[in-house]
Amino acid sequence: MAERVGFIGLGIMGRGMAANLLRAGFSLTVWNRTPERAESLGAAGAVVAANPAELAAASDIVITCVSDTPDVEAVILGSHGVIHGIRPGSLVIDMSTISPQATRAMAAALAERGVDMLDAPISGGSEGAAQGTLSIMVGGEAPVLQRAMPVLQAMGKRITHVGPHGAGQTVKLVNQVLVVGNCLAMCEALLLAQAGGVDLARTLEAVSGGAAGSWMLSQRGPQILARDWRPGFTVALQQKDLRLVLEAADQQGVPLPGTALIFQLYRTLEAKGLGGDGNHALVKALEALAGFEIEGTQPTV
Amino acid sequence: MAERVGFIGLGIMGRGMAANLLRAGFSLTVWNRTPERAESLGAAGAVVAANPAELAAASDIVITCVSDTPDVEAVILGSHGVIHGIRPGSLVIDMSTISPQATRAMAAALAERGVDMLDAPISGGSEGAAQGTLSIMVGGEAPVLQRAMPVLQAMGKRITHVGPHGAGQTVKLVNQVLVVGNCLAMCEALLLAQAGGVDLARTLEAVSGGAAGSWMLSQRGPQILARDWRPGFTVALQQKDLRLVLEAADQQGVPLPGTALIFQLYRTLEAKGLGGDGNHALVKALEALAGFEIEGTQPTV
Amino acid sequence: MAERVGFIGLGIMGRGMAANLLRAGFSLTVWNRTPERAESLGAAGAVVAANPAELAAASDIVITCVSDTPDVEAVILGSHGVIHGIRPGSLVIDMSTISPQATRAMAAALAERGVDMLDAPISGGSEGAAQGTLSIMVGGEAPVLQRAMPVLQAMGKRITHVGPHGAGQTVKLVNQVLVVGNCLAMCEALLLAQAGGVDLARTLEAVSGGAAGSWMLSQRGPQILARDWRPGFTVALQQKDLRLVLEAADQQGVPLPGTALIFQLYRTLEAKGLGGDGNHALVKALEALAGFEIEGTQPTV
Amino acid sequence: MAERVGFIGLGIMGRGMAANLLRAGFSLTVWNRTPERAESLGAAGAVVAANPAELAAASDIVITCVSDTPDVEAVILGSHGVIHGIRPGSLVIDMSTISPQATRAMAAALAERGVDMLDAPISGGSEGAAQGTLSIMVGGEAPVLQRAMPVLQAMGKRITHVGPHGAGQTVKLVNQVLVVGNCLAMCEALLLAQAGGVDLARTLEAVSGGAAGSWMLSQRGPQILARDWRPGFTVALQQKDLRLVLEAADQQGVPLPGTALIFQLYRTLEAKGLGGDGNHALVKALEALAGFEIEGTQPTV
């Protein structure tokens, strides 16, 4: 019999992921801090729990997908948290992006109750969440991942076991370094193209398929040309993840000069109230510096 | 009847491209400054010319694929250059990466002789050159591109007309901003993974397919893990192209803080005698700074 | 009658400062976590206390000059801390560099006991501490500063009231941005001079007195030429202060791209075990990148 | 008898320098491309020549102080240039900032005519030019400098012989790295102070005299607070000098990551039409990025 799943955190990513679990036939209980966000899933067949403890009591596998380290700690360890409802033999899968250290501490706290844990942060943007094509980086024990696999496969297409507790989070930070680095490259490239007077849509078409290609360029390049700032992943969340990256790099003695520059650029977007834009709005920081803008056009392709 | 093709410049890229022209059935004449490099193509059926003028006299379409602006000027306009042998009605396609301004000047000089020109720089690395899967960014007139299409299709799979004379070069510079930006992101990401103690091959596997993915990461990430510095594209050529990028950005008033940082990092590799390494050797600059190295392992996948 | 002074923290800065208080005729009690460091001051006439509480009980004005926020919190609020011995009407002057927020919280805790506080961080290096020529940036109430003035004048020559509680710390962070920025400029300049083949001592002589001049260049430039890495201010403490700077900049939405780069460079020195070098050892990070070193020579002047 | 002096180039620096020569009692001939700029010196007693050749014919020592390498080449080697009027045994002192290589070539050309040359670029801003307190970095032969000394002493107070032909220019580039590095540090520091809510004039007062101090901070900090952008040294000239710096660094394999960042920031000011502002307008690039401005206030001190 399929395991009963509980899903905590119905934000920009979680909504799509939970919907995919329903679609895959899982019996689903959901909870969100802002209850309104749970309504559409309730209408689609999910049970809406009153709090994380109640959700945990009704689930074999509890998934958390919230914003930051303190949020995960609150829904798992806080009052009415998962830990107060969960039964031994259950499994918690945290799909948020948080500190590797905090992850290891929570895994230990849950283990004392006989509960397994995986850190399983994700990549792929809101599109990947909606389409069930996320990349999932998993830290924890192999047999536990085996158990989680059917659930994870309903949400992602590339599920990789990268090591023990915390390793998933470390790889997610690595992922974010790549995301923002590819993003800065895209923004600088488009500014140069704009100033050079070439057609931007043709430029994207010409360079996306070769050695310059990236997911970022293919997915977000056309959005920039259309000046469409709807988020796959918001500036505010990107900045939050970069804080985790730079903290880890500082602890481990790794110089990340490019990432440090990018952090400073994103910082100005938050200060200007653009934290809710998609992370490709990084281009607006460069535009402010340059004194000109990418011209909004519909891409040809 | 297929047009007779002349190919000048049998370096790391040109060799594969010329071989693909032969394979596609074109009658081919070749010339290279260092004659030894022409021998294998001679053995495969190409005629080896004594100089660019002689090559031009025997060709309907002359392709140049050499290093830098002065090299193109030398083989086209210099003594025994293309311009001294070429007949009116012929076509010159320059597939080197050079200054957009110099391109426009040469196109004008050739037009006075009744000779058409296209700037058609390429992207895709030596692999793309060998496999005929290059991306080709074309500047010039549409009917001229029409004529060139069968020849270009023998060498590349994505051929995009991006504007008038010089536009191909501008888009190529845009392409290089992307290449090096994606490369720096990869290098910083791998250093962070190394310091974080996760398995690097698994890490590549986990992140390459999602929002962090890029051609650079898929193609060069495993090379870095294997500490295989054989070039697709050398540090020296990358640095040369970045000089063109920064010069264009300066002229057009575009701030490229990330690219400027990368230029400084590459600069140290040339100074250390690593100009012949592949451009992913950028990681060695960060390693020197960090004081530790990515550990050489064979990627799992 | 002069107020009795207690001095906590006899590190690289505190030793000279405490000696200047003795020299100025103040009755002095001292305490240091590592008791050996108190011995020479004991020999010179200071009383050595058993703990901060005992020191506070014997003093009218308590000065703290320790490393970081948690250290100040420990000596003031911890077990056997200042707060357990100090009498109402006394004054605490914290001359450490710590978080402005933590400063305000401690000022409030002391105020509840009827104890005044000033934040009075310092600049000027170990030379300034030894010679009594420190710059002191003071946050707190004006009448309280009036009371502290004789004590501060024994240690510094430029004492500026910059605002309420915490303002001294904010200005100190501003000071550190200047220090490291001037330091990076010096390091890049000396590398360029070295590579350009000019005499480095003559170069320092030529540029130090004009628009390029700075305290950093005059004081640390000759040390770099002599490859003398003895600290005025250590890399480890500089890095600690930069963490405070970048944290404040993040909270306040200020982009500091240069400082962020410098932080990444210093980070590599700590990782290489050079945390005890003077902050001018920043040049070693650039030397590692460049692949050559400033040649050690005795400056001509 | 004092030598007769000719002065070419009456810009922001040259005007003050020429006036100081008059004041020191030298017989002076002047020339400027825009003749109006020569009028006030003519009124003060200088002879205004019709062209550089005529000026050279009337002078024992010819000083050039113009913008860039091509300008120096034009006034010395061009038609009606110095070389066409100068007599053997004369001396040319170039006080412009230009390429070290071009300097060496011109020295050789003049030597063939029996004319000595010194490269003697300057630092100290328009204030230093007006007050005769410039720093002068001299390349060339020692006896020739001996001859030039009375003339140089009328314009500067720190005259340093740094090596053979070209060495003066190299040291000047070193000087510029320091100037812009100290300037970026100042700009970031003031932004942090502004965001931290402290009084900016008090902040300058507090930090200028210690380890954070620099000529830049003392001279330009108050100008920024007053939003006074009148140039000592313009953005456009600063950017021109940085091009020389980065070109030399590239040729010599020196990584200058901080200077490269600063160049990108200055670039945006030229693009926004602010090339005529003083070089402390660098802060405007950071303000555009930050989205807030330093508030214009009159400094207290």
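Letters A, B, C and D mark the chains as written, and numbering starts fresh at 1 in each.
Note that a contact is a pair of C-beta atoms (placed from the backbone, for glycine too) under 8 Å apart; a residue touches a chain by one contact, two chains touch by 3 or more.
Fair warning: this is a prediction, and the values are worked out from it, not measured in the lab.
Fewest steps needed to get from chain A to chain C, stepping only to touching chains, is 1. Using mean Cα coordinates as chain centres, the one most removed from chain B is C. Of all residue numbers used where chain B meets chain D, over half belong to both copies. The two sides are thus made of the same residues.
Centre-to-centre spacing of chain A and chain B amounts to 36 Å, using the average Cα coordinate of each chain.
Distance between chain centres (mean CA atoms), chain B to chain D: 41 Å. Here the spacing of chain A and chain D, counted between their Cα centres, is 52 Å. Those residues of chain D in touch with two or more other chains are numbered 249, 253-257, 261, 265, 268, 271, 289-291.
Residues 100, 123-125, 128, 134-135, 137, 157-158, 160-163, 167, 170-171, 173-182, 184-186, 188-193, 195-199, 202-203, 205-207, 209-217, 219, 232-233, 245, 248-249, 252-259, 261-262, 286, 289-291 of chain C touch chain D in their complex.
Contact residues on chain A toward chain D in their complex (touch as defined above): 257, 261, 265, 268, 271-272, 285, 288-292. For chain D in complex with chain B, the residues that touch the partner chain are 243, 249-250, 253-257, 260-261, 263-265, 267-268, 270-271.
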